[in-house]
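One structure is given below, represented as structure tokens, and several questions about it will come after.
We just call them A, B and C in the order they show up, numbering each chain from 1.
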Amino acid sequence: MISAAGPTAAELRGPAGEAGLAAPGTLRALWTRFQHDRLATAALALLGLIVLICIAAPLTSPHDPLATEAVNRLAPPGSPGHLLGTDGEGRDMLSRLIWGGRTSLVTGVAPVLIGLLVGGLLGLVAGYYGGLTRTVILRAVDVLFAFPAVLLAIGIAVTLGPGTSHVIIALAVVLVPSVARVTESATISACSQEYIEAAKASGVHDASIVLYQLVSNVASAPLAYCFSIIGPVIVFAAGLNFLGLGIQPPDPEWGSMLYGLQSSLLVAPLTSIVPGIPIALAALLLDVIGNAVRDVLDPRLA
Amino acid sequence: MSATLLSVENLRTQIKGERHTTTVVDGVSFELGTQQVLALIGESGSGKTMTALSILRLVTPPVAINGGRVWYQGKDLLRLPADEMRMLRGRQIAMVFQNPRDRFDPLRTIGEQLIEVLRHHGVAQNREEASRRALALLREVQLVNVERVMKMYPNEVSGGMLQRAMIAIAIAPSPNLLIADEPTSALDVTIQSEILDLLKDIESTRSMSILFITHDISVARQVADTVAVMYAGQIVEYGPAPRVLAEPQHPYTRALLASVPTPNADVLHPIPGLPADVANPPPGCRFAPRCPSATVHGRASEPPPWVQTGTSGVRCWLYAEGAQ
Amino acid sequence: MPALVTARDLVKRFPARGGRRGESVVAVAGVGVDLELGETLGLVGESGSGKSTVGRLLLRLLRPDSGSITFDGQQLEHLGDGALRKLRPRMQIIFQNPYSALNPRMVVEEIVAFNLRPARLSAKQRKERVLATFGLVGLGREILKRYPHQLSGGQAQRVGIARALVSSPDFIVADEIVSALDVSVQAEILSLLLDLRKRLRLTTLFISHNLNVVRYVSDRSAVMYKGRIVEMGSTKLLYDSPRHPYTRLLIASVPGADQVTSVAARERERRELMHELSAYPEGSPLVEVLPGHWVEDPKAPAEPGGTREPGMADGH
């Protein structure tokens, strides 16, 4: 529907330049805002550092993440040579976390991004057009909702076969309904405002109204939802990995590391919770960043 | 002249900001006699609602009352212990608001809520008596089919009916003073006019006084015995309603009257400029920047004096001694 | 004079809230109006009378269930989206609440310029048009980059008016445009509207619940009650000699109009009018009692398509 009445390239270029709609202004605002918000800046810097360390895993990891040391199992954090200790197979925890971060961050962020795009679009269209369009979209979404999220993800992943990209797709499908619902209700409430009626009365194509007037007013709810869900998604992805649907052992990944150490919780409590720290940290940092982004989108708070 | 029921002296209410303190009610004084309607007229931001909330001590931080006295039956409400004040509120001084729907519990019937108020204030000893009284009150506010109304939920009745029910709840404990904050602004004209006349009826049958807060001069004209016109936190003109509305003295009152369309008005005269910013008021007279007859005094840093003549008063340099 | 906007027998139902499936509320029950080029028709009524729905039907922001709408010779009721979009710049709307009518995340310049998108102008031309319109409504260029929450109520409403005018429309629906404003600002906006009407030859449907306001701005007035127009005529005639009991009730209810009569007498008068109104048969045909003055008359023969056509009176 959007594409049928889609804006021409000229239309898209038009006002964004002169009358400064959306992109450039927002990015600039984002930057000024982050400069003033020390907490958000720190969160962004720390997250950036974590991402960099993970990307540069071959350089940053002190050990081979797969090398086992049978005599040195479940070493506590701070052990000589193993800053964060070792796991049940005697592999260096820090190295595994650094290597595993590559997979975990991707499986945490990618499904959320895909879910945001697809679910957001469905929610916008459903909320904006209402009527039959809305009914069809929401019924379809409800069908997905009807399945327990875990079963649905497992079902999809099993159908597609093992592989990280399949886990991402499975998780994205699970996320679409909730993002669509959140976006739809935000859209409905924005559309009840008179400025949307004014836009409809202007003779401008629907796609431009949605793009320039609606998206910026609707975005904060699904964005906040998505930023908050990345942490749980990492853990959820770990569950799929644990079932052998994603990355295969012995390759490291935060969530499966956490699962793997579950049985050692009583024996070596400190070591067992170490993989949970990066998950919690990433979730926390993303939440802080998400809040700052949401504030930037609201000029009333500027 | 009737006895004074409420006397406000030099009331001052401020909002404390991080850097800046804003005086939203700045030295407000007025008197309200028994069985009288005083209309407090002002535009949004003039401090009229803050004045009412301050009288009831219903302001919460960062808003705080910073001075003045509110004499009610020989007691200064601002210095009354909190529990005594709580007893007074609702029982002796009741309030009616603009949007009754926000004030009702949507999950309980109008009857239940009315009965609860009656029992809470000890007006009725048991349920039967409360129920009987509730019916009488609903009849008093000119509702019909009162037995049915008792069983209805707030969302089942119209705005006008709900405002009547709200008034019934307010007058249930037989208060001496009713504070009505824009009680008809959200209603249709025909309903508005009914509610206004209902308030006038109640005022005379119950010998009650009403502090009526409104932005609408025409509404004030219909109900008020006395009017006080507020501008930027201060009362600029005060006096008997017929006099003030027929021969306004303060340039702001005049301008306000000239800006309202009436059946006889051919041309409207908008007030030039923007309302004074209470957070940063002009140094002298607050209306001076918009005033067609501002004097040198008004524009300068001297605040205008309060000029009292009989029952009328005006805060303006034009009427100061020797200013002519 | 030719009519720019004509509507006949407009009917609009909405699904009943909380009601069963298929139940509906009739918001507009057979309304016909004509707006001559350059005239201002005041539409008075209380909340729920259907006046705002009529405004949105005339602009085809809502689709009527039945009836016809003509704008400058074109039938609107069955027009497709594309053809309607082409007409939209020529018919505009101004809203009651100036703040909710402006997108909180756009600056004033973007808000006004948005309505120029269909005109496909260059950035420079667009800016010139926005500035020219600003001049027309008395706004300065210093507010171009402000967000709506940084404007005063009067400024925000002027921006709303500028947005409606920037595409040089012929027809404007002004829906309760001063009801949310402070009295001193109301006067400013009403004076602006009168001034613009003179300068731009705008045809305006002025919707308001405030009789004094309608009386002040409109040439002709129509009174709506329960989805129908019950009386229509020149503003002066309508206010000086109202015929329909509802019109009389409305006029009797204007606050502060009459201080001589006692409260009791006023209440009695209203009760009598209410009684008369409840006894008055609904949906009677409109009859021309004086040239250009139409009133619902229960005594008139109810012929379909007969007298219930408040077309242009011969006297005009």
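Throughout what follows, a contact is a pair of C-beta atoms (placed from the backbone, for glycine too) under 8 Å apart; a residue touches a chain by one contact, two chains touch by 3 or more.
These figures come from a predicted structure and were not determined experimentally.
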Statement: Considered without chain C, the complex falls into A | B
Field: Chain nearest the overall Cα centroid
entry: C
Most remote chain, CA-based centroid, reference being chain B: A
Query: In angstrom, rounded to a whole number, how far apart do the mean CA points of chain B and chain C lie?
result: 32
Statement: Whole-angstrom distance, CA centroid of chain A to CA centroid of chain B, is 53
Statement: Chain centres from averaged Cα atoms put chain A and chain C apart, in whole Å, by 48
Message: Two-or-more-chain contact residues of chain A, please, as numbers and ranges.
response: none
Message: List the residues on chain C that touch chain A in their complex, please.
response: 59, 61, 84-89, 91-93, 95-97, 100-107, 109-111, 113-115, 117-118, 120, 123, 126-127, 147, 149, 160, 163, 167
- prompt: Which residues, counting only chain C, touch chain B once they are in their complex?
  reply: 46-47, 152-154, 182-188, 190-191, 209-213, 215-216, 239, 249-250, 252-257, 259, 263, 266-267, 270
Field: chain C-facing residues of chain B, complex
entry: 43-44, 188-194, 196-197, 200-201, 215-222, 242, 255-256, 258-263, 265, 268-271, 274-275
- prompt: Where on chain A does chain C make contact in their complex?
  reply: 10-11, 14-15, 17-21, 193-195, 197-205, 208, 212-213, 216-217, 297-300
